[in-house]
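The first chain written gets the first letter, and so on, giving A, B, C, D, E, F, G, H, I and J; residue counts start at 1 in each chain.
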Amino acid sequence: MQPIMDKYEAGKLVDAQRIRKGKTWAELAALIDRPLVWSTSALLGSFPVPEELADKVCAELELGEDVREALMQQPTRAFDAALLDDPTIYRFMEAIKVHGPALKALVHEEFGDGIMSAINFQMDFDRREDPAGDRVVVTFDGKFLDYHW
Amino acid sequence: MQPIMDKYEAGKLVDAQRIRKGKTWAELAALIDRPLVWSTSALLGSFPVPEELADKVCAELELGEDVREALMQQPTRAFDAALLDDPTIYRFMEAIKVHGPALKALVHEEFGDGIMSAINFQMDFDRREDPAGDRVVVTFDGKFLDYHW
Amino acid sequence: MQPIMDKYEAGKLVDAQRIRKGKTWAELAALIDRPLVWSTSALLGSFPVPEELADKVCAELELGEDVREALMQQPTRAFDAALLDDPTIYRFMEAIKVHGPALKALVHEEFGDGIMSAINFQMDFDRREDPAGDRVVVTFDGKFLDYHW
Amino acid sequence: MQPIMDKYEAGKLVDAQRIRKGKTWAELAALIDRPLVWSTSALLGSFPVPEELADKVCAELELGEDVREALMQQPTRAFDAALLDDPTIYRFMEAIKVHGPALKALVHEEFGDGIMSAINFQMDFDRREDPAGDRVVVTFDGKFLDYHW
Amino acid sequence: MQPIMDKYEAGKLVDAQRIRKGKTWAELAALIDRPLVWSTSALLGSFPVPEELADKVCAELELGEDVREALMQQPTRAFDAALLDDPTIYRFMEAIKVHGPALKALVHEEFGDGIMSAINFQMDFDRREDPAGDRVVVTFDGKFLDYHW
Amino acid sequence: MQPIMDKYEAGKLVDAQRIRKGKTWAELAALIDRPLVWSTSALLGSFPVPEELADKVCAELELGEDVREALMQQPTRAFDAALLDDPTIYRFMEAIKVHGPALKALVHEEFGDGIMSAINFQMDFDRREDPAGDRVVVTFDGKFLDYHW
Amino acid sequence: MQPIMDKYEAGKLVDAQRIRKGKTWAELAALIDRPLVWSTSALLGSFPVPEELADKVCAELELGEDVREALMQQPTRAFDAALLDDPTIYRFMEAIKVHGPALKALVHEEFGDGIMSAINFQMDFDRREDPAGDRVVVTFDGKFLDYHW
Amino acid sequence: MQPIMDKYEAGKLVDAQRIRKGKTWAELAALIDRPLVWSTSALLGSFPVPEELADKVCAELELGEDVREALMQQPTRAFDAALLDDPTIYRFMEAIKVHGPALKALVHEEFGDGIMSAINFQMDFDRREDPAGDRVVVTFDGKFLDYHW
Amino acid sequence: MQPIMDKYEAGKLVDAQRIRKGKTWAELAALIDRPLVWSTSALLGSFPVPEELADKVCAELELGEDVREALMQQPTRAFDAALLDDPTIYRFMEAIKVHGPALKALVHEEFGDGIMSAINFQMDFDRREDPAGDRVVVTFDGKFLDYHW
Amino acid sequence: MQPIMDKYEAGKLVDAQRIRKGKTWAELAALIDRPLVWSTSALLGSFPVPEELADKVCAELELGEDVREALMQQPTRAFDAALLDDPTIYRFMEAIKVHGPALKALVHEEFGDGIMSAINFQMDFDRREDPAGDRVVVTFDGKFLDYHW
């Protein structure tokens, strides 16, 4: 009688086996035929993974039933505040800190009082070649929701 | 002998006169012929505004010398933590909290050890029509910088 | 050339004149023919008030143009953390702290992975008579949004 | 000589066995004939569970004496601050942040100086069908307590 | 058109005039014929003061209409966290920190699952003579409320 | 070669055995012939327990040498901030937050500049019957200490 | 009808006039014939200053009635957390952080369970000449108080 | 292949064996012929202990090689914030909070712009007999360092 | 009878006049013949400025007696936590966060147990030309201080 | 099926074996022929270590495959906030707190609006002999990045 393995712990095991078997996140996304960012988030523990996809991943990476069970569960989406010190994550936060008031003004100007949904939402990750140095391009794409009483 | 007006205070005056004169941020961006997100951020106080652009904005909005002087200064880029409670800004933060670990994994997989620059960086804001409800599309586009000793 | 009055400051003036003129929030809601909780939140500064409603309220309460202008603006929705010490507000927070994990479990069981929208949302406030002491009844009513990529 | 199992740990075991045996929270609430929100909160660790109910649940889910013992204890009601990052829980908090001052004003207008009790209190959870998308409806129902010296 | 004076600001004016006119809190409590702790809390801004009592206090202390108006309002009960550094207040907090778990255990043992109400509550302040040094005696007296669904 | 068991861990074992053997805190206080609040605090880990008393308690509850050794040690008196979310403890804190400034004013008015000692201090816990609902009565009784250079 | 001047504001005026008139803290302590640390703390706002001493200081420094009135009041002893960044104050805190556990162990070894009083307490400040560089010598001298029920 | 034992864990084992063998900190200081406060701090983990002294202590207290190895290492000097709730340590912090601004003023008046070193520093702990109750006397003694470019 | 102007406020006036008169920090450092970083820090309010230097700066920038008086005072060295959000300052903090443990290890390896003084300390700021992009070079240069009892 | 060892845990094992085998960080840096600060940071867990270097270090220090695997991974760069209490690290932070505003002003004056990169960055650590006491010299050397849209 064990509790279900923590999804973030399961995600660490996915990552460890992925590295040991020389698989990329892109290859895992192709294996389950899902978008890249979603697949990576889900396999790291942030989304429930449908059973057939969990099966494929666990088979490919030789992960056990405990990981498979955990991947399928509903997550409690947490954010480890220690990640704010990691420069790769911090730069995204910084961009929002610097441009947040402008984003808010533009959402309201273009759409009215409301928000970009973070639930009806998708995120794309791309590399754009540039002779001055290739660029990381991340797109936030969410449905506008107006305050509606 | 007065200190230079705080740039965020100047930004509030730009915004107030903009509203009273019925101008949109898009119109101000067109007036100074600069990108939309940059223009909005800069006129709200987050970037130094070149003199000729500050002149145009202050003339259009009938703002005084104190605002013009403030707009041109170097900002101290701050972020009012109270903005985290605003739902329109919070959703952007939430998206990074949920997908941050995946973004980090993908930056490293695609580019190696490093970051998306938030300095050699641009952000676009768009509306995409969708029959199920129009969407807010925000693009983060920054040069990859690898850890380089 | 003044900045627009802070909406929460405008809300304090609405409240002060409301008290001095002996009006209840329910009477103001009736005056503008809008729901009670929305009207109170909006007149305290948390929602943009349409111009004709702002006109009616300012006329009724003899408030000036600065208040009228402020009421119509888009709010930056903030929450003064000092309010957490107020027992009347704290009890609502406490109820969520105690029942939050259960609410999360039930949302997911009944609807799947997603949230109750706080944007496509309404709140009702009622008094229910009870011989053992009347009861405060507050209803949260928000559209379910599923994680949708 | 072991300490009594932490009630939240016991709740994780209840949840794990519930999932493995394919039981819903609603079925467990029916099993013990108690309201849905109370049952879920109590079995997750937030309320002391009367012995006969703990017996039924542990028999149904094949849980051991350590879980049974823990369920019956008085809880120390804590709230894991990390849950604030979970979007499903955050939206309830956000609704209170946005409407808290209005709720406070309306409690005082309707009842006088006092609070909605969070102890003499019940919470209901419902789904309301709606052609524009079904809705989550949560009712807070607490006795009014006036400041009484 | 002024907002209503902040009740804590009004309390500072009550205190200032009280000192200048050589009145004790005990004398003010006698003047309004209310308990000592309640009177002091209320005149410092933590309770709404009934009109006839506000009249008496303002007459006695030569305070203006703005103070009188403020005293009668419903408070937002806040707590200035800076007070935690004041040794006289800190010692009360320390006593609860040291004995809090015991108090909780004893409430539950004697009364069952519930709380001492802080709303249906009174507090007494006394001096007890003691040859080894007089003692401060403060009594917390609140109705027991059991968790009641 | 083990470190001494943490006194709060020892307190959890006292509590677990107390429950399993059906003893109340009042019975344990009677067993060691000490005041009720002190006994409960001490056996939960907040005070050093004299050897003969530790012997009695460990014999009664069939606790081992490691618990006995821990009970006798000098505590580091900590306070788990998570307890602030527990409603039973929070209400005591709330009472001090609401009445703290009044308590401070009354200590100074009655005794002069100084504090109620939290060291030369005792706390009583009582139940007072009341037809409108029995009451929790807690008395703080500490020696006045004046600032003395 | 003004509130009484904040004691820390009064302290800033004492300090400003002290500097302008070329007086040292030691000279002010001599003027009022009180210990050096006490005098400095009191004139900066941390202790009530007896009337005759306040008279002397205000006369010497040509300070007004508002300062005189403020100096005599009971302080709310606060500590501006920003001072923790000041290196001169931080070093004292650092010494306690590094040696705090040892001080606690030695207090208990030498005196038993209790504290060094910070109320029945005096602090001395001295310069000790040393060929390797003069030394700052600060003495904490407080009555031992044992936990006494 | 084990990491080196944490120095604070080693300190707990020193303390446990010290208690079990009936040794005082003063006796251990005498054993290694070092000052009392330094010895206690060092054996609790805050200073590197020279090898010959670590040998003596470990022999006297029958501690193993893992403790001996840990005692000799360079510490990372941390401070457990939970200790701030311990009254015996809090009083020292409180004394600095109350007198910190005065200490800063006196350091600058007597020595100029600079600090009392917390590195070239020693602390003494004494008991001073006093008919009104013995006193804890702690001396901070650090070299003055002036800001020197 | 005014308090002395806050040194950081004085620094803002220095900066405003510097900009209006087209002077660089380097020119002001040359004017007073002091190192560049020290001069900038001091004129922004972090160091006491000797009278003759304050005279020169105030004459050059046409600043008044209040600024001159403030520049000469002893600072309370604070750090506005909001500056942590400024990317230009954050990068310096980030470098220490990433390399702090290594710096600590190297200080101890090379010098023994102790610190780099931040008091007997100087900092240089340079531009180094580099065909791949010029570089910011900042040197921290502080006397090693060993723990010395 | 184990997760990959935490890189900071791996760093502790590197450090432990380094000490036991009497190797300095400088010797390890020479072994892998990399700069001193980079080598120390990387072996403590802050940089991915190329495989051939990890091989050399693990062979030299007799570390196992788990450490070797961990050293090669991409780090999540965190910063343990408890390190802020360590005096050796705190002094670097303090220097930035005191001089941060000046550094920001000088970066902008010399280079324009932008930052010193902490990614295209190197840090040197040196000892400079000085008859008044040797000095710790640490150089921050990062490419200037201008805000570039």
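Going forward, a residue touches a chain if its C-beta (ideal position, glycine included) is under 8 Å from a C-beta of that chain, and two chains touch if they have at least 3 such contacts.
Computed from a predicted model, the values in this text were never measured in an experiment.
In summary, the chains found to touch both subunit D and subunit H are E, F.
Remark: rotation between subunit D and subunit I after Cα superposition is 180° (nearest 5). Across the two interfaces under comparison, G-J and H-J, the one joined by more C-beta contacts turns out to be H-J.
If each chain is reduced to the centroid of its CA atoms, subunit G and subunit I end up 29 Å from each other. Annotation: 54 Å between the Cα-based centres of subunit E and subunit J.
The distance from the centre of subunit H to the centre of subunit I, with each centre set as the mean of the Cα atoms, comes to 33 Å.
Of all residues in subunit B, those that touch two or more other chains are 15, 76-77, 79, 83, 85-88, 94, 97-98, 104, 108, 114-115, 117-121, 145. Taken as a contact graph, with one node per protein chain and an edge wherever two chains touch, the assembly fits none of the named shapes, being neither a line, a ring, a star nor a complete graph.
In summary, the structure contains touching chain pairs A-B, A-C, A-D, A-I, A-J, B-C, B-D, B-I, B-J, C-D, C-E, C-F, D-E, D-F, E-F, E-G, E-H, F-G, F-H, G-H, G-I, G-J, H-I, H-J, I-J. Contact residues on subunit F toward subunit C in their complex (touch as defined above): 85, 87, 90, 94, 97-98. Touching subunit J in their complex are the following residues of subunit B: 35, 38, 47-48, 74, 76, 104, 108, 113-115, 117, 119-122, 145-149.
Those residues of subunit G whose C-beta lies close enough to touch subunit E in the complex are 1-4, 73, 76-79, 118-119.
For subunit H in complex with subunit G, the residues that touch the partner chain are 11, 15, 24-26, 36-37, 40-41, 44, 46, 77, 79, 83, 86-89, 91-111, 114-118, 120-121, 123, 125, 127-128, 130, 132-145.
Within the complex formed with subunit E, the residues of subunit C that make contact are 9, 12-13, 15-17, 19, 62-64, 82-83, 85-88.
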